[in-house]
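Below are two complexes that have chain A in common, paired first with chain B and then with chain C.
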Partner chain A sequence: MKQLIGLYFTIAIRNLLQAKKRSFMLGSAIALVTMLHVLLLSISNGYLQGLVDGATSVAAGHLNVTGLYKYKSTTMYPLLKDSSTIRDLIADELDDVTHVVERNSIVGKMIGEKRTIFLFLQGIDLTQEVKLTEVLSLAKESSYRKGGRDEVLGSFDALEGEGTTQENGILLFANQAEQLGVTVGDSISFQVQTLSGINVVELRVAAIAEDVGMISRFFTFATRVTVQNAMYLGDNVSARILVYIKDREKAPEALEKLRQRFSQEGFEMTDYESSSLIRRWTNLERQDWIGQRLDLTTWEDNISEAKIVVNSFTSISYVLVTILSVIIAVGILNTCWISVKDRTNEIGCIRAIGMTSSGILILFMLEALLLGLFWAMVGAGTGYFIVQLISLAEIPITNEAIRIVLFSTKLTLDIGLGDLMEAVLFFAVVTAISALFPSIRAAKIQPIQAINHIA
Partner chain B sequence: MSFSVLQLVFELSWRSLWSHRIKSVVVGIIILFGVFLLVVADALLESANTAMESSITSSITGHLQVYDQAAEDTLSLMGIIGNRGAKPSLGRIANFKAVRDVLASHPNVSAVVPMGADSAIVYQGNAVDKTLTALRQSIKHNQSAEKQNQIQKLLMLVDKLEEQYGLTIDISNNQEKFSSAIEDLQTVKTESFWRDFEKNPESSLQFLDTHIAPLVSETNPIFLEFLATDITRFKAAFYRFKLVEGEMLPEGARGIMINHTQYEEYLKDRIARMFDVIHDALHKENRAIKTDLELQYYIRRRSKEYQLWLLSLDARGAEKMRRELAIFIPSSFSSSLQPEPHSNVGEAEDNNLEFYLQQFLDLNDENFDRHYQFFYDRIAPMIQLYQVNVGDLVPLQKLGPGSSLKAKFYGTFQFEGVEDSGFSGIYNLIDLMSFRDLYGFMTEDKKREMVQLKKEFSTVEFDRAGVEDALFGGDSASSIVDFGTDDEKGSDSDSDSDNDSDSESSVLVNTRERMQVLIDTRYTSEQLDQGPVLSAALVLKDPALLKQTEEEINQLIKEKSLPLQIIDWQTAAGFVGQMIQVMQIVLMTFIVFVFCISMVVVNNAMLMATMQRYPEIGTLRAIGAGRGIILGMFFVESLMLTLIAGGLGALLGLVLVQYLGMVGIPAPTYEFRFLFGGEVLFPHIDEDNIYLGPLVIIAVSIVATLYPALLATRVPPVVALTTQE
Partner chain C sequence: MNIAMNPGMLTVVTVMTLMLLSFSNPSFSASSSALPSNEDSLNQLQVDTILSEIDERSQFDTDFKALIYLQQKHREKGELLYQAAVYRRDENDRFMMLFRKPKSEAGKGYLVMEKNLFLFSPNTGDWSRVSEDRIAGTDTNLNNFETWNLVERFNATFLSNEKLGKFHVHHITLESKPGKKVDHPKMDLWIEKDSHHVLKQQDFALSGKLLRTTYRTKWKKLTNEKESENSTARYIPLETRVYNEVEKGNQTIIVIDQIALTPLADNIFTKAWLESKSR
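Coming up: the complex of A and B.
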């Protein structure tokens, strides 16, 4: 049996090598389409990657328990009382929690020298925020200020102020600093709506971090105490608990467990919906309840709107690749057909010396499969190479529209081995299947007819 | 070549095509498909482009925009979204009149319209204030029934406030402040308070004014994007502008007009809006609640939002609504659904009302039309259907530092023919004078009135009670809404002197008499032109000459040394304009790829076919056909094939586009509305589309098939005769 398989392979490969010109042309088409597919896939992967990274470190965690507090029936704030009870429950209910982070949150107007912009200020506890400090790196002054020094100013620790003085430090991102026209050490006003009127806080820019994609347009950080004071909150009040687990793909199950547990313990919760809180905010605000409710989301829920972009993009690229595959399939079909006709004598000979008709079928299909496999690998390899090149080059996106759609400031491409193998396999199979009909036709040729056949 | 030879070639070609049918069909189909795709995609993109252009240029930007040369940012008229929540730094055009005179002199310019864009917040007004005003009125006019009604309403508000502060104190770090608030609220609920009230209403009212009314914090503010312009001139220049409700802003008057789409989508009661949306879905879009998950979801969420109704109704109104609903909704209650007993009679009524409301809002295909009718007949008149009403004086506040003012809401408008969603739905209109006040420019009005104010009020304490007394005596109009608490005064971090002048002008434009003066004032064109604006839109007579006109005007600007820069509508449309370019690039890449692959396949097929015909070629050569004829034959063959296939493809594409042009392509998501210039895209074919694309494809196809043909001519006759295959 093994010998037979070896024989088939040998014949198939020899045939392919003989018809070089023909296989080269079609082959390059196959390679081109595979490469295109790989590139398109890498764009959507890169997009998703950037989104997920931002969503799971800067903005939120794998699981998010947000406290929603309506102190009157038409206004809602992200506030959480009893956070320690909730943290205990989480620790008790889930067993693969790597760490837990607690934050405060408020949206307000940041009033700078140059401009006023809306920002989400997150109150953080630096000792807890493991992931955030990993993801963020501080920026050189020259990157956000014309003629600025080529050194990094400020530090994360400066957020908390020197010694015992409460200095209300803030961490901005480079693009925000540029927009506002400030640098480390400057003062800036932050106007917020609190439960008892408007409050304006003076903040001092303690550090400026490099941008991490579009999310760094809207978020900024200060200590929890700063935010609590700005909102006249007691120091036991937070807004959100970010839970990080070992395998983030298991987030939905963990969410379900938490929901049940919270419900048992008597906590009221919002109806679960797989979309970000921002999207549901107005509706929740107008609903007929007051007091405290918990809202639970997974990291996937939080990026579900952004995913629409990926989905559209993926659909478009599938359409493109399908069209191209069809065209190639037609080409291969045609080529195989003619090839079968040309090789009628040859087939007759082989049949005459003992090969079965199913053997012929296998032979032709194998030829097509190997052709497709080889050239698809060439295409995938080229695609991979290009992806690496582009990733290294860190090409910035200047077109505003693309930035908003891709939710990123740099062109990010990402492709994994699994995707590559899938692509190669797919096109190899397409090639093989296109050769099916001609192969069947070849298999049906009677040996005696074939030998007598004069083309 | 002589005619007979040509004829021969043609016959040979035709016969070849026919005898090698399969190959012809295969290649033909690929070419047909390629052309079809190109024609359709090109038409769609072109149509979207035109739709967007029309939508943008005829509703906001005009064809060209000029603005301050020294501006730090590029002008982008896409509202706050386009500027990422920040206000762009655009400098100003100080002397619009000079600019207008120069630019209007260009022969292709039909109108120069001044513009500025900014956002404002509308705060809703203080419910306690309104109640106190009504209460005062009822006392003044001796209407005891009305007085009781208002007192009931006040008590309900106090209850709500108590609840609210109870929840606030729970999480706050300022226990003192909130404890005293709760104390005050509890005082109002005591019998002794109301006994005192009967004896001396005024002092009790004072207490309510100074201790209770300030406890009401702002309800959900409305964000409005405004395009400031000379509205009369705007209407004349942007021909699609159409009045919908209310009246046109009088020429030279101050005031605002609201975009009808926004009016319906955002300023209308959210449940009323739900009824409208479902009504359209059922009757215009032929959807059904039963089968449409999206509709079910929407109803489920929106129908919980009846809170505002409950808050805005007083005891009498609530009872009336409850009774009406009780009659309307068939009674099918089991005894287990009786409401729980409550200590407070008012609450029990509410509870029942809530129950009926929940029943009423449980909509399905069968009951929807009945409920829709009932809503508009009986419920709508009882609730606040729109957050602002035509004719209202709307209080506007700035984002960022700046003043606040009130403007009269004259009416709503739409841009006809261009679907009113997407781009043309972004802006509301405000007059230039109000804009200048809002934006912080010093105007002649302001200067004059500040001088007068300084004369009248040499010493005045700017707290609410003091000023109200000073200006109106005991009969204060509730129009003074945003004096602001002490907190708010400190909010705008400009220098002290600015702060003073701002609060002065706040006082100024919020006093009733002065308000009336401002409303009645009519400004002449000169006065409007004399102040600063942020940009100007140029509407062209012949848009096709846009590029040329842009250059010529640039020249003009340089010649006259005007400190301006000029951009086209696409740049002015911000990232949306760029989106079109992106789509074009994406499409072109798409087409190029399909192209390349197709050509490879076609080439391959032709090559193989040609190789098969060596004997045939050889024979022809042997009987005397020259190389030229062979080439000609192959050439004509490919030409015929590509022409037929290409022609068919183009025809099919045309048919499809025509069909879509009648039926329309609905925008799949909200974002697509911008690209489609509305909710539906009706594609059409331009002459260019139909000829250019297919021609290119045909040309390339021929080239692709020519190479094999050339090969064919190289075949010497003898090879053909001796080939065994």
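Coming up: the complex of A and C.
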């Protein structure tokens, strides 16, 4: 049996090598489509990875517990009272928590010399924000200011203040600094609606970080004390608790556990919806209740809207690759058909010396499979190489529209070994299936037909 | 010129007037000076009486309708001119503002319901609750178009007698009463001694930072056929200039015209009415 399989492989490989030109033409097409598939997949993977990294460090945790407070039925603020009690309940209920982060959160007008922009100011405690400082890196002044120095100014620590000189420090992203026309050390006004009326505080730019996609257009950071002072809040009032767990895929189960526990402990909660809080804000504000309610979301809920872009892009990629695959399949079918006709006498000979019709079928299918496998590997390998080159080059995206769509300021690609193997197998199988019909036709050829064909 | 019968011409004239006004300084400049100390200061009762009078004079017994022009100078957007119709029924706190111009804003409207301000966007057909602090993205707020309600919301203290341009004024400072929800927790008013018109107003943030300065340059006495000779006269500022002190360079001029104190239909103060007009 082993010998027979070896024989089939030998004949198939020899046949492919004999028809070098035909094999090369078909193989190049397979390689090209495989490479294209790998590149498109790497773009959507890179986009999704950047989105998840950004969402689960800059904007949210794997699980998010947000306090919503209404002093009258139509006005809602992100305020969480007795946050320490809620943190204790989280620690008690979940056993796979890696760390917990507590933040204050307000939206207001950042008023610069040039422009005014609306931003979500996050009040953070740097000692808790392990992931945030890992993801963010400070930007060179030249990246956000014309004629700026080619060096990084400020530091994360400056946010917390050095003596009295850095009080009310704020961390901006490069695009925000550029829009507002500020650099490290400048003062900037922040106007916010508090429970007691409008407040304006002067903030000092302590550091400016490189952009991390779309999220960096809306978020900015200061210490919790700065935000509490701006909002005239007490020490035990925050806005959100971000919970990080060992396996983020288990976030929905953890969310359900927490909801049950909070319910047992008598906390009022909003109805769960798999959507970001920003999207649901207006509806929640319209609901007729007063006081505090807890709102729980997972990291996936927070990126559900952005994921539509990933899914759309992936769908378009698959449609494109499917169309190309069909074209290739037709090409393979046609080529195999010609090959069967050309090799009718050869088929007759090997049938005459004892090869069965199923043997012929296997032989032709094996030829197509080997052709597809080899060239799909070549295509996947080339695609992987290009992905690595582009990733190393860190190509910046200068077009604003593309930046918004890709949620990134540089071209980020990501492809895994699993994705490559899937691509290779898929195109090898497509090639083999395409050759099925001509192979059946070849298998049905009788030796006598072959002799007649020669005559 | 027959203003009431020629609205097209009125629009042109109003726009030209606004343009001219925007390049001239207020008749009483921003600077004010304290009068000599021998001037009599106001006691608390006098201050409260003046505030009550201001409140009462801004509250109409009848329905109110007017055409307003908002000229906005925005540091990023440049100059914008809006025209809107305003409807008020003060006896039950009803307020409606329907934008007519520019074309891009036509059909947009504000409606006060149960002390909340709602905005209707004709493009999306959605209603949303919005802050009272910023009407149509300008530096004006709802208080620029409604009754004052100072006594109910603020505690007032007399500061000094001053001279504001050619006018003799009382400088009074107001702080919000505990538990009262106000946009600006602190406010300073410069009130003309004789007429008790509020000529200048400064709004402050919780931190004490000056947010905006407002000048009301022209006041008009409104008369109603129903009112007896002894009833309190009602006044409205025909021209208001608002200077944003935080976003320097932003300012808004409000001009009120075609005022009518005739009864309005009840359905005007409803969402359905505004939606029908927006179509």
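Rule of thumb we're sticking to: the second predicted complex is superposed on the first by the 447 of 455 C-alpha atoms of A that agree within 3 Å, B and C clash if a C-alpha of one lies under 4 Å from a C-alpha of the other, contacts with A are read in each partner's own complex, and residues count from 1 in each chain.
Operating definition for what follows: contacts are C-beta pairs under 8 Å (C-beta built on N, C-alpha and C of every residue); 3 or more make two chains touch, one makes a residue touch a chain.
Source: prediction; values computed, not measured.
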Q: In the superposition on chain A, see if there is space for chain B and chain C together, and answer fit or clash.
A: clash
Q. After lining up the shared chain so the two structures overlap, which partner does A:117 touch, if you call chain B first and chain C second: first, second, both or neither?
A. first
Q | Which of chain B and chain C A:232 touches, first, second, both or neither | A | both
Q.
In the overlaid three-chain picture, which partner chain does A:307 touch, first (chain B) or second (chain C), both, or neither?
A. neither
Q. Touch check for A:197: first (chain B), second (chain C), both, or neither?
A. both
Q) Between chain B (first) and chain C (second), which, if any, makes contact with A:87: first, second, both or neither? A) neither
Q) If you stack the two complexes on chain A, which partner ends up touching A:441: first (chain B), second (chain C), both, or neither? A) neither
Q: Based on the superposed arrangement, let me know which partner A:288 touches: chain B (first), chain C (second), both, or neither?
A: first
Q: With the two complexes superposed on chain A, say which partner A:261 touches: chain B (first), chain C (second), both, or neither.
A: neither
(Q) Let me test your reading of the model: by the given contact rule, A:25 touches which partner, first (chain B), second (chain C), both or neither? (A) first
**Q.** Chain touching more of chain A, residue-wise (chain B, chain C)
**A.** B
(Q) Of the candidate stretches 76-84, 364-372, 454-462 or 688-696, which in chain B collides with chain C after aligning the structures? (A) 454-462
Q.
Need the overlap of the two footprints on chain A, from chain B and from chain C, as residue ranges.
A. 71-72, 74-75, 111, 115-116, 189, 191, 193, 196-200, 232, 285-286
Q. Taking the complex as given, what residues does chain B use to touch chain A?
A. 22-23, 26, 29-30, 33, 37, 72, 84-87, 89, 160, 163-164, 167-168, 170-174, 177-178, 217-220, 270, 301-302, 304-308, 311, 354, 399-401, 485, 487-488, 490-491, 493, 574-576, 578-579, 581-582, 586, 590, 593-594, 596-598, 600-601, 603-605, 607-609, 612, 669, 724-725
Q | Residues on chain A engaged by chain B in the complex (per definition of touch) | A | 22, 25-26, 28-29, 32-33, 36, 69-75, 79, 81, 109, 111, 114-119, 179, 189, 191, 193, 195-200, 217-218, 228-229, 232-235, 237, 283, 285-288, 290-291, 308, 316, 320, 323-324, 327-328, 330-331, 333-335, 337-338, 341-342, 399-405, 454-455
Q: Using the touch definition up top, name the residues of chain A that touch chain C in the complex.
A: 71-72, 74-75, 111, 115-116, 189, 191, 193-194, 196-202, 232, 282, 285-286
Q: Would you pull the chain C residues touching chain A in the complex into a rising list?
A: 76, 116, 128-129, 131, 133, 176, 181-185, 205-207, 209, 211, 246-247
